[in-house]
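Both of the next two complexes hold subunit A, though its partner changes from subunit B to subunit C.
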Partner chain A sequence: MAEKGKRGTQELRLDPRTALLLLLFVTIVVFSHGSPYVEFALIAALLCLFFCCGLFKSGLKFILVFVFLLALQYYIFPVAPKIFADFFSILTFYTRKVFPCIMIGTFIVKTEPMRYLILAMRKWHFPQKLVIPLSVTLRYFPAIREEIVYIRDAMKLRRVTGAAKVEAYIVPLMFSAASTAEELSAAAVTRGIENPAPKTSVIELHFRMRDYICIICGLLFVVAALWLR
Partner chain B sequence: MSTTETVTSRTLKGKDLITIGIFSAIYFAINFIFMLMGGIHPILWIMMPGLIALFTGVPYMILASKVQKPGAVLILGLITALIYYVTGMFTVVILITFASACVLAEVVRWAAKYKSFTGNTISFAIFSVGMIGSPLPLWLFKDSFFAQISGQGISADYLSVLNSLANDGMLVVMVLAPVVLGIVGALIAKTLFRKHFAKAGIV
Partner chain C sequence: MVDIRNVSFGYSHAKDTLKNIDLHIDAGECVLLCGRSGCGKTTVTKLVNGLIPHFTENGHLEGRVLVAGMEVAKTELYELSRRIGSVFQNPKSQFFNLDSDAELAFGLENIGASPAYMRKRLNATVQELKIERLTHRGIFSMSGGERQALAFGSVYAMNPDIYVLDEPTANLDGDSVAVLRRQLGEIKHQGKTILIAEHRLYFLTNIIDRAVYIENGEIVRIYSREEFLSLSDAQRIRMGLRTLRADALRATGLPAQNDGHVLEVSDLCCEIRGNCVFDHVNFSAGSGEIVGITGNNGVGKSTLMRCICGLAKEKSGSILFDGRRLTPKQRNRACFCVMQDVTHQLFSDSVWNECELSAGEEGGPEIEAVLRAFDLFEYRDAHPMALSGGQKQRLAIACGVLSGKKILVFDEPTSGLDYEHMMAVAGIIRELAQKDHIVLVVTHDMEFLNCVCDRTVALAFNGKEA
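Entry: the complex of A and B
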């Protein structure tokens, strides 16, 4: 879906399995370390990954957001009005904590088309009954956002308030979800989703040098994080 | 259309899997909103399981009535847990409560033969209780929990309010809220079913 146009440098893509492994490593590192050095090193390493794979724009965006978070925590909250600080300090804290996770998540979304990820999960023998719903879920999030924008626009035409407003959001959302489920499954069944035979794929996955380098780096971070805790 | 299918086969087909995927997305989106709101005030965090139950009743009940087969709730829970795990919001405690709630909810659905409204309501109430694992460490390991989260940039005010809220009374409220509000959520779903969805043939 997002393959063309978005990524000019096709050759610099990681194997989806590497990307998923990195996601796992990052999660482990984030939740086992406490030291800011590991945090900064991890973010720097992820930024390298971003720049190597040509994601300059989002790399820069992440730098800006991270600097903003640090500024909030160390310079703005201590002097900000109390209510404001209370309101946002936990959100800021959590965002900073899971920042590497968000980065690698963005990286995967931007560089790995869904079908590569599905193929990776299949290679790892994830049960089909999990792979299908999971890929549908991940793809449906943007649709929810779109749907909500439409509903809000439609609501502006009338005066809807209070509990009626919740109802006015949830009912159309359910309707569109139900009809999407209907249409999507008609399409998927036509294309043989229920065929019990092992699935084949036009794409072939290969581990390359860069995959090994990334995995080794990731492992080093895990070891460092567990060792420094 | 789906009734004849369910009689003949109890295994999840492509259509069921896609339906589960879509409603999991909606469930997760609502869940996530309240998860984020928990950061605003401690009381919102403690009431989070209840609030989630109130607002996710409709998608859960539609899913339960559209996919009357074993495994639907398990996959819903698994997807939620996987996404949360990746974004780092799931701790061991919530994984345990969430997993056991999913399994129990699935058992209730099976025992109620998937069709009954009461059965689905009970299973939804149980499923909702699974989210209590998020604030539960407050009571389980109170001292070490506060020692751990203080000094992590969380404001002293939030912590002191949290500390004063972590008493036995609140524990009962926290556990019962998802049950009560879950039943309310299911009843809301039923009203909406009658008002909108049944007419359109969705449920």
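Entry: the complex of A and C
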């Protein structure tokens, strides 16, 4: 997750608990409604959220992609060769179906730093056994990306070709993962991660007016979707 | 403050890593643990911070260790961690969060400190350690030196009484070492107790009170600061220790006149995502020459190396080999790079196959000769990852030699090495040069630079701000 550029939007951020609730609501709506009106309204509402939080670029990108999907379904597939239409229509249909989920997911990744999401899960008393592995996993993705750059460089200078390439990525990654895991846990235990005291947080979470508005809107959508089914 | 009483320890029952260690450290003292690689100094730090016996499985421990009134073996690690702060060697594997603010607060959040106290401690940490530039940052956008400074800050925020540092400078450049020296000065001034295991010694001369010299798991002698600093160079080298002085750069020779191959870098400029990393870099190197590339982190040393090897594209300027301009693809085939972490460049399931990957299947006799020269022949069937760090490095170098490439680039080949291993690497590099390779060495290790390089090219900040 990109942590950069998040400070600028700090004032416009939702409480992470609201964001996670919205993710839940959007998922319920997406998998229960059949009405295109609800779909359009939901996407419009999400776009409002994007623009209110200053995510103009991604908002515009989503508009373009959605218009493109609609154009494909209504104008291109009917006139396209059958094999092409058959092949892509299922993909297009499902992309459109889960489109709001992708939007809210992007929204969370773009606006909520990891530590806020973890804190939200702690507040809701998600078990530590889930929270710690999740946070370590998320921390590990960028580390893998760093390593892959090195390995790719090294391969370019060697004669590694074809299927050997896959192995050539995996072997060094596995070994560095093993040593990283060992070193990381040594650093963790010497900083008291095993302390049974309830963990505190330097950041504090507050529901604000905008959080209530978002939650109410989300609930309305859930009700509407279930009603119109 | 720290009391190690007649401790022996082995990672397995077969062999003792430490034998009869007796060491007493007073509050406010700074004690250096020094000695050759594998002498057991890291193990002593683990005795103090509790990783032994709590984190090390199947170890075999005799004797008692008391730290800040607690018996280490009988105290939980999280209790110990409130009084003892630990900083480790690898800046990559010491953080748990993606952003630096969360990382600084990590230890305090674990002990359940109140938000108000945490804010106070965090502000104090940032001010006293002067690490404003590290706040509100993504950790993956930080350099190794910045990550290490952050790890130190994160421990400092917990306000321990004792700091245990295990080779904290192994991966740091000169500027970052200076930052660590200042931070250590600050905690020393505050009356904290410091135990530090290190190979690089020059930056510690003003901070340490005593130096403990360890050999084969035994304390050979404990020096007072004055005694330690008055060691002659001959004595120091006999003990296998790195230099005690901050070396000035001596290698300033002229390009050698020769009739072999010539690598020429002409007016080179590189950009990363539109930002100029360096501009107008000019130098040349001939067969048999060893040229050092220096400069602090962030000046673009590694970008320059990647560009020479054809892993990064030049923005303008050119790289010529024997007067012919090479494209990045051609440079891939002409250059070999021995990386700082050689784990990333060993791909095969045995040492022999690793070499065949470079030499081709018909290179048998040549592989044997090279492996013998690098003391690796007896390991020819071993898995490369099962080798020691130094052996892995030699294997990577062997692969470079076997690939028949004329330009060999070494990226920080001495990070974390003691005196003898450093000299061994220097010997290998000199031999490669004698066999008419063009050798480029990227390093911040002045001692190494002075003992191996004919000339240096210093990169300075350019375009981008420091």
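By definition in this document, the second predicted complex is superposed on the first by the 166 of 229 C-alpha atoms of A that agree within 3 Å, B and C clash if a C-alpha of one lies under 4 Å from a C-alpha of the other, contacts with A are read in each partner's own complex, and residues count from 1 in each chain.
The criterion applied here is as follows: a residue touches a chain if its C-beta (ideal position, glycine included) is under 8 Å from a C-beta of that chain, and two chains touch if they have at least 3 such contacts.
Because the structure is a prediction, the values reported are computed rather than measured.
Contacts of A:V202 after superposition on the shared chain: subunit C is touched, whereas subunit B is not. In the superposition on chain A, A:L130 makes contact with subunit B only, while subunit C stays out of contact range. Touch criterion met: A:V171 reaches subunit B and subunit C at once.
Touch criterion met: A:R159 reaches subunit C, while subunit B stays clear of it. Contacts of A:S58 after superposition on the shared chain: neither subunit B nor subunit C is touched.
When the two structures are aligned on the shared chain, A:L184 is found in touch with subunit B and with subunit C.
By the touch criterion stated above, A:L23 is placed in contact with subunit B alone, subunit C being left untouched.
In the superposition on chain A, A:S32 contacts neither subunit B nor subunit C. Contact with subunit C, but none with subunit B, is seen for A:I151 once the two complexes are overlaid on the shared chain. According to the touch criterion, the shared surface of subunit A, contacted by subunit B in one complex and subunit C in the other, consists of residues 135-136, 138, 143, 167, 171, 175, 180, 184-185, 188-189, 193-194. By the touch criterion stated above, subunit C contacts subunit A in their complex at residues 49-51, 54-55, 76-78, 80-82, 84-86, 88, 90, 92-99, 101-102, 105-115, 118-119, 122, 136-141, 151, 154-155, 158, 306, 309-311, 332, 335-337, 339, 341, 343-347, 357-358, 385, 399, 403. Across the complex, subunit A meets subunit C through its residues 1-4, 7, 113-115, 135-136, 138-139, 142-143, 146-147, 150-151, 153-160, 164, 167-168, 171-172, 175-176, 179-180, 183-202, 204. On the side of subunit B, the complex with subunit A involves touching residues 12-15, 17-26, 28-29, 36, 39-40, 55, 58-59, 62, 66, 71, 75, 78-79, 82-83, 85-89, 152-155, 157-158, 192, 196-197, 200, 202.
Subunit A makes touch with subunit B in their complex at residues 23, 27, 30-31, 73, 77, 82, 85-87, 89-94, 96-98, 101-102, 105, 129-130, 132-138, 140-141, 143-144, 166-167, 170-171, 173-175, 177-178, 180-181, 184-185, 188-189, 193-194.
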